[in-house]
Amino acid sequence: MFESFLVREGSLQNVEKDGFIVGFKFDVRNCDYRGCFLSLHTGYYIEVDGEVFPVELQKFEINGKPPRSFDEIAKCVWEHWDFDDWATVYVQKPGGLSKGKHRLGIYQGVMAQYGWMPHDQEWIDNPPSPLEIRGKQTGIYYYDLEVE
Amino acid sequence: MAIKRGVSLYSYQQAQFLGQMDYRDMARELREGLDCDGIEIINEATVPGYPFPSREFLADWHNTLARYDLTPVALDGFLDTLRFRDHVMTKAEAAELIKLDLQLAHDMGFTHIRTMTGLPVEVIERALPTAEKLDVKIAWEIHAPIPIKPDPTIQGLYCESPGTAVADTVEFIEKTGTKHVGFVPDMGIFMRAPYLSGVHRLIRTLEDRELAEQISELMEEVPLSELGAEVEKRWPGRLNPQQKRALSWKMHAAPEDLELILPYVFSIHGKAHNMVEIPGKPGQYEEPALMYAEVIEVLKKNNWDGYICTEFEGQRAYQDRGIEHLLDEVEQVRRHHEMLKRLIGE
Amino acid sequence: MAIKRGVSLYSYQQAQFLGQMDYRDMARELREGLDCDGIEIINEATVPGYPFPSREFLADWHNTLARYDLTPVALDGFLDTLRFRDHVMTKAEAAELIKLDLQLAHDMGFTHIRTMTGLPVEVIERALPTAEKLDVKIAWEIHAPIPIKPDPTIQGLYCESPGTAVADTVEFIEKTGTKHVGFVPDMGIFMRAPYLSGVHRLIRTLEDRELAEQISELMEEVPLSELGAEVEKRWPGRLNPQQKRALSWKMHAAPEDLELILPYVFSIHGKAHNMVEIPGKPGQYEEPALMYAEVIEVLKKNNWDGYICTEFEGQRAYQDRGIEHLLDEVEQVRRHHEMLKRLIGE
Amino acid sequence: MFESFLVREGSLQNVEKDGFIVGFKFDVRNCDYRGCFLSLHTGYYIEVDGEVFPVELQKFEINGKPPRSFDEIAKCVWEHWDFDDWATVYVQKPGGLSKGKHRLGIYQGVMAQYGWMPHDQEWIDNPPSPLEIRGKQTGIYYYDLEVE
């Protein structure tokens, strides 16, 4: 769902800290027909120009709080990511992205379900990567974005 | 006693996602575009700060219903069993979530909540005292592939015994005599053909463009219900199993199966993927995949009293492309209500 | 069965605005300065975060009432019909606002809410189930120029039929037998002369200083009630229509009209602009513009049981100048209660 | 009402942004005997030393939120301006006001009503300017204030 509209156009930017570029960020929406409890959001499959950035390098900014790692997000079992709200994904990459066009491939990991499933205990013990969840996206979706 | 018309705001999910309509705009469309009064929502789509909305939101909600003279029908909730991340949600925890939805439904004026399909009786039992205290009913959705009549071969989905879940709940209702437990059947269980949206997507995305063309032409020749079988007969093995699924369909329940549970049917999901004009009848529409005429006949014959709420979801199959290719949800729902009005005999 | 004394905190609006008194100070004045127990408030003046006060505020409110042994009488609400900005508030929406005020009144311990004058029956009808559930009454204020006896010539104000609004509501009360709908008459409907505050302001701001002097002198000669007519007779055309209005007055209702609605009168607004010493009776005060003696006589004769809550508003006419020219609200309300005590026979 | 007390003495100041003076501001109270739902507040007639500053150049700061335009304020149909609260009016004027005395003329626009009126629909369709509302103020009130 909403594969074409998951990432906000024009939102890809480098992130500065203490005068150094430490990574990049972009804005996303929940690619479903509803929001979710934050703990269900497990991060993203992210590739930029073929380079993959695992969940450990990602942080997630929502609800007016500072960006949090997905380990922290996993503990937010009562906080909600509302359907209408844009969030920001931060990706650690010293030096950031070069100016100009980039190809972002993305797959959003949300462990939304409709009840108990045979894989439940297995997924608690060994949480699947975003790509393994097979959520509402039909596949990795690619965006051509520009860093200005 | 009448069949009444409503809409689940689920139908306008795309307009909401794209910022084109908020719930007030949808409420206005229900009154001014459709002249219906039933409103159903997805809790986690419409209620900011779910499950703890602000008093401002609740006041604005009631104000909006008053402004457009709408009647809250069902609040739809979910069962994300992995939410706690360090353990699988227990049935007792599921009941707590349902109690929160019951309170929310009460505060928003809904008469029942729609829970996940195949909700186990143990969960219902634990939440029932709250349902009775608040006078909000618990109704689980009978959604494909769950049947109405028992079919023990259905396994591995949602709960321990999905194939007999309806019968299990009916037994509980009859044993306890409760008036606060029932069902929301989804029209998607009454299939008569594959959804056109899926067929369109298959034809559009098939790498085998020659086959795509051939399927497209075949649609003019054979009934939609036979399309899958005919493709397999003419071009065996050309579609992989996932592609085949787009053309296949199954009648999970017969319209008359409804009579087995009708006293416990609190509302119905008017599922729709594509509302297409009936050949030779300009301005009249039908959903080629579903048995609306037959189902509404059963409802009328039994003097069923309740809302059919449109649940349009055909939009999703077109969202992998640019904004110019999207389906117009407002138009699709209007067509759906043309059909409902006509079949109900309004 | 008795006429009891109270104060609407509206009376201390200036002290509140200037930060001289908060609602706790006012509560203390009611108990210690006036020895009365009835308290009435303006919702949007006293309740921070209206219409959704914090639990801290509600706790402090009840604590304050307990500390000074006060009895909540009425919560006064409003009807800002343009609030939604994209459409005029509908009657259904007005009922939603009233439901919020009923809930607030319930949470603060009030027995009734005072709504805007001429509240349409359709609005009352929609809010009534909530009023009954919470056991808080709906009373609309009979405020000038709305009469008690029907006068269909009054048009273009507040609602579709302001001139017959009282009769329309009485008909609704009698038809339904509800105990939860009634009125709060404002003493301003029982006029016997213009308000002194307005006369003072006219004399002070008149550019024609000679005429101002002359009116000032004339006040010593003729009764206040005849001042306007006498000025027009002696100096015709010297005042423009707006200036003339400061000297004119109208008896919108006669004291005995009250008997038509007395069972439905839940409390009374003791309107006052200027409490002046009665000549030859030091320490005794009267409001020269209003028929207090006659009205209280009617109330006594009929054994009416309820609160008259002071609504002092003379302060406003002096607020265009510096702080040294302001009226002392505390003193004015004390004078008003001297009068009430005396007329009631406490 | 409260004509003499609407603007807080000593509150007139210039406003700086990124090292430039972009306008001026002053504090106000609701000139009525009650607060109002924010959406009813339509802005101000403001003149300083004879120069008029229309509503489009004004922003309004209340309830701990950043200053908002009156177009945004119009949408706040559930947020309340409490009677006891001071608010701040921001006025855009590159360079700000010169140091020293200024004469501020002001009229506060609040569409408070006591029920339905014949002008209702007309005012929805064509919102009146603050001066046309004729609220609780008897007229434009003038303050002599000093920028320090």
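Letters A, B, C and D name the chains as they come in the text, with residue numbers starting at 1 for each one.
What we mean here is this: a residue touches a chain if its C-beta (ideal position, glycine included) is under 8 Å from a C-beta of that chain, and two chains touch if they have at least 3 such contacts.
Note that this is a predicted model, so its numbers are computed, not measured.
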Co-neighbours of chain B and chain A - touch as defined: none
Copy-to-copy rotation for chain A and chain D - C-alpha atoms, rounded to a multiple of 5°: 115
Chain whose mean Cα position lies farthest from chain B: C
Comparison of C-D and B-D (more C-beta pairs in contact): C-D
Averaged-CA centre spacing for the pair chain D and chain A, given as whole angstrom: 43
Chain A-chain C separation of Cα centroids, rounded to whole Å: 60
Centroid spacing, where centroids are CA-atom means, of chain B and chain D in whole angstrom: 50
Centre-of-Cα separation between chain D and chain C, whole angstrom: 29
For chain C, residues contacting two or more additional chains: 51, 87
Set of chain A residues in contact with two or more other chains: none
Chain contact topology (line, ring, star, complete or other): other
Each pair of chains that touches, named by its two labels: A-B, B-C, B-D, C-D
Chain B contact footprint on chain C (complex, rising order): 51-52, 87, 90, 92-93, 95-97, 99-100, 126
Chain B to chain C touching residues, read off their complex: 55-56, 59, 62-63, 66-67, 69
Partner chain A, residues of chain B touching it in the complex: 10, 13-14, 16-18, 22, 42-46, 48-51, 78-89, 116-119, 156-160, 316, 319-323
Residue ranges of chain D in contact with chain B within the complex: 77-79
In the complex, chain D residues that touch chain C: 1-5, 29, 33-37, 39-40, 74-75, 77, 80, 82-84, 111-118, 120-121, 123-124, 127, 138, 141
